[in-house]
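These notes open a run of structures that come right after.
Next, two complexes with chain A in common: one pairs it with chain B, the other with chain C.
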Partner chain A sequence: MYDLIIIGAGPAGITASVYAARKRMNFLVITKDIGGQTAWSGNIENYTGYQFISGPELTAKFEEHMKKYNIDLKENEQALALERKENSILVKTDKGKYETATLIIASGKTSKELGVPGEKEFKNRGLTYCATCDGPLFTGKDVAVVGGGNSALDAALQLVKIARRVYIINIADNLTGDAIMQEKVNSSKKVSILNNTRITSIFGDKMVKGIKIEKKDKEESLAVEGIFVEVGLKPNSAFARGIDINENGEIKVNCRNETNIPGVFAAGDVTDVVEKQIIIAAGEGSKAALGAFRYLSRKR
Partner chain B sequence: MYDLIIIGAGPAGITASVYAARKRMNFLVITKDIGGQTAWSGNIENYTGYQFISGPELTAKFEEHMKKYNIDLKENEQALALERKENSILVKTDKGKYETATLIIASGKTSKELGVPGEKEFKNRGLTYCATCDGPLFTGKDVAVVGGGNSALDAALQLVKIARRVYIINIADNLTGDAIMQEKVNSSKKVSILNNTRITSIFGDKMVKGIKIEKKDKEESLAVEGIFVEVGLKPNSAFARGIDINENGEIKVNCRNETNIPGVFAAGDVTDVVEKQIIIAAGEGSKAALGAFRYLSRKR
Partner chain C sequence: MDNKVKIYSIPTCPYCIRAKQFLKENNIPFEDVDVSENQEAAQEMIDKSGQMGVPVLDINGEIVTGFDKDRISQLLGL
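Showing the complex of A and B:
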C-alpha cells in the first residue's frame, strides 16, 4: 500500500511529486503522458522565472525535475475507476490495481470536439487539436483555427510562422484572449479574424479541403487544408466517481485542495480552481501534496 | 488613477505584475525590496522547473521577468496605510499617495524576533536573521541556528559549508523541517542538534561571544560567535487596516484571493494561504491579478 498515488503528470502532478519526494513519501505516479497541456503549448511567457520558453522545453524541465527523485512512475497508463475502502483507496487502471492511503487527482483536461460532420473522418487528415504538435505539417498552406480564447490565439501565432494564411473562426463577437496576444494576432497580415462565425462542417477527399462556415444565417465555404480546433477543454474526471464535481465536470476542491472524500485531494485544471494557468496548477499541486502529507501525519 | 496597485515584489507580487502587464493593465508596483524571502533563501530545489537554484539567482530571474514589461515600479518604498474611497483605494506610503481602482497586497512576511535579552544589542554584531546574506562572515567559527523548521535547516545546511560547528537550538521535541533536509542535517558531523532547548539570553562584548540555553530547567552557556534566528515569520499586514486578518495577523482570503473589501486582493505569505511556498505564492499572485482584471472588467 502506497502513502500516496498521484494521477497525472502535468504541472500540478509533477509539482505534487516533487513535494512528495522531498517529504520521503512512498508514492506512485500514474499518468497517460508527461506535461499535460504544457507539452502542447507554443510559447510560454507567464511562468514566473522563465521569461520565454516553449511548452515542450518547459515540459522537459518539469520532467527532469520529477525524475531527479527516482520516483515510481507508470507512464502510458490510465486511471479507469476509484474504489473507496475503509482506510484506503483502490485505483483501477487499464493495466492494474493499486492501493493507497491518500490520492491526488491531477488528471487535467483534454480538448473539446467541435461536434460537426466531418470531424471524426478528417481527424489527423488535416484536422488536429494541437498546433504545437502538427503545425509544421502545414507549411505554406491555408489553415483555420477554430476558437477565440488564449489557446486559439496561441495556435494562430504559432501558425503565422508556418502557414500562408490563418483564418480565426470565432463564434463570439470578439476575441477573448489576453490583450497582448490579441495585439499580436491583429498586427499580423496573414491572419483574418472571422467573428460571429460558426463552423458547420468539414469537407475534403482523403484530406481536408475546406470548411463550411455560417455567419448570420449566411453559409459559405472556405478552402483550407488544415483545421486547428481550440474550442475549450473538458476535465478528465469521469473515472473519479463518488467525488463531487461541478456543472462543468470539474472536481470541486476547497482552498486546501481537499475533495469531499477524506484523503482525496485534487489539483490543477481538472478542478474548479478559478483560473487555468501553468503557474497556478503548479502551486495547487504543491498544496495538495503537503495536504496529503499532513493528512497522513495526523492519521498515523 | 491606476487600474491596479501591487504592494510587494516577492514571488506573489512579481507573478501578479507579469500577469497584469500581459493584460495591459495600467498598474504600479510599490515594494521595499525585490524577491522577498526568496532573496534570503539558500538552495531552492522545489520551484518546479528549476531542479536546483539559489535564492538570489531565482530572485534575479523573477526580477528580469517582471522588468521585461517596462512596468511602473517604486522600489525602497513602504506602504503605511490604506484609505477606502467610494470607487477607489488610496495607498499612502513613506514617500507619497497613490489612487487605484484595485489593489493586490503581496507584502509577505518578515522574521520574528527571539525576544530575549541581548537580541537588540547584538543585532548585526553576530546576530542575524539571514544565513544567506551573512553566513560568509562566520567562516571557521562556531555558530548557533535557533529554530527547527525548514528555514532553520536551510540556514544550518548553508552554514555547514562555512562554519566550524553548527548548533541547532530547537525548542520542540523534534525537528519539523522536510525529511530530506533533516537527513542532510543529521548526516553532517559538524551539526549538533539540541532539542527541547530554549535560548534565554545572548552575551558578549562588542560582538557575540555566546548564548545561554535552557534544557529541562537546566541552564548552561554555549560559546558561539554567530547566531542565526529562524523562529518563524510575521505577516507584513499592519498597514492594511480595515482588511480582515486571522489570529496570526495574516490577511484572510478566499480561494479567489479576494479579501473582505471588494477590489482588494491578497496573495502569498502575507495571507492565510495554507502553505508558505515560493511556487504557491507565485500561483496565488497569478490568481489575484486575474481576479483584479475580471473585477475591473465587470465594473467598467
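Showing the complex of A and C:
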C-alpha cells in the first residue's frame, strides 16, 4: 500500500510530487500526460522567476524537477474510479488497481466539446482543440475559431500569422476576452468577428469543408478547412464519485485542500479554488502534499 | 532488426515533444520532420495517416497517430 497517490501531473500534481518526494513518502503518480494545460499554453509571462517562457518549456522544467527524485510515475494511464475502504482508498485505472492511505486529485481540466453533429467524426480531420499544436497545419487556409473568451482570442491571434482568413464564431453579443487581446483581434484585417452566432454542425468528406452557423434563426454555411474549438474547460472529476463537487463539477476543497472524504485532498484547476493560474495550481499542490503528509503522521 | 522511424511533428505540440523524448530515452534513432515548415511533408503526413493531428510516427511503414506509447513500444519491440 502506498502512503500517497497523486492523480495528474500538471503544475499541481508535479509540485505535490516534489514535496512528497522531499518528505520521503512512498507514493505513486498516475497521469494521462505531463504538464496538463501548461503543456498546451502558448506564452507564459506571469510565472514568477520567468519573465517569458513557453508552455512546453515550462513543462520541461517541471518534469526535470520532478524526475530529479526517483519517482514512481505511471504515464498514459487514466483513473476511472475510486473505492473507499476502511483505512485506505482504492484507485482503479484503465490499467490496474492501486491502494493508498491518502490521495491527491490534481487531474485538472480539459477542453469542453461543442456537442454538434460532425464534431467526433471530424476531430483531427480539420477540427482541433489545440491551436498551439495543430495551427501550423492550416497555413494559407480559411479557418474558424469557436468561442469569444481569452483562449479563443489567443487562438485567433496565433492563426492570423498563418491562415488566410480567421472567422471568430461567438455566441454572445460581444467578445469577453481581455481588452488588450480584443484590440489586437479587431485591428487585424484577416479576422471577421461573427457575434450572436452559433455553430450548428460541421460538414465535409474526408476532411472538414465547412460549418453551418445560425444567426437570429437564419442558417448559413461557411466554407472553412479548420475549426478551432475554444469554448471553455470542464474539470476532470467524473471518476471521483462520492466526492463533493460544485455546480461546475469542480471538487470542493477547504483552505487545507481537504475534500469531504478524510485522507482525500485535491489541488489545482480540478478544484473550486478561486482563480485558475499555473502558479496557483503549483502552490495548491504543495499545500495538498503537506496536508497529506500531516494527515498520515497524525494517523500513525 | 534496424528500425526505420520517422516522426512528423510541430515544435509547439506537447505530444510531439513527449514522443521524441520517449524515442531518445530508448536510444531509437529517428528522422524528425517539422510539418509546420514544410507543406509537402504535411500533405504526406495527412495522406499516410488520413488525418491532420500531430504527431504521426512512421515505424517501419506502420503508421501511429498520436503519442500512443504502448503501440510505439510494441512496434519497436521495447
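Quick note on the criterion: the second predicted complex is superposed on the first by the 300 of 300 C-alpha atoms of A that agree within 3 Å, B and C clash if a C-alpha of one lies under 4 Å from a C-alpha of the other, contacts with A are read in each partner's own complex, and residues count from 1 in each chain.
In this text, a contact is a pair of C-beta atoms (placed from the backbone, for glycine too) under 8 Å apart; a residue touches a chain by one contact, two chains touch by 3 or more.
These figures come from a predicted structure and were not determined experimentally.
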* **Which of chain B and chain C A:T15 touches, first, second, both or neither** => first
* Asked: Looking at the overlay, what does A:T132 touch: chain B (first), chain C (second), both, or neither?
  -> second
* Which holds for A:P56: it touches chain B only (first), chain C only (second), both, or neither? -> second
* **Touched partner set for A:R165, first chain B, second chain C, both or neither** => neither
* Using the touch definition from the top, say if A:Y47 reaches chain B (first), chain C (second), both or neither. => first
* What is the contact status of A:K112 with respect to chain B (first) and chain C (second): first, second, both, or neither? -> neither
* On chain A, which partner touches more residues: chain B or chain C? -> B
* Structure fact -> After superposition on chain A, the chain A residues reached by both chain B and chain C are none
* To do: Show which residues of chain C lie in contact with chain A when the two form their complex.
  => 10, 12-18, 35-36, 39, 42, 46, 50-54, 65, 69-70
* Hey, which residues of chain B end up touching chain A in the complex? -> 11, 14-15, 18-19, 21-24, 45-51, 58, 61-62, 64-65, 68, 178-181, 183, 254-256, 273-275, 277, 279-287, 290-291
* **chain A to chain C touching residues, read off their complex** => 33-35, 39-40, 42, 54-56, 59-60, 75-76, 124-126, 128, 130, 132-134, 136-137, 139, 206-207
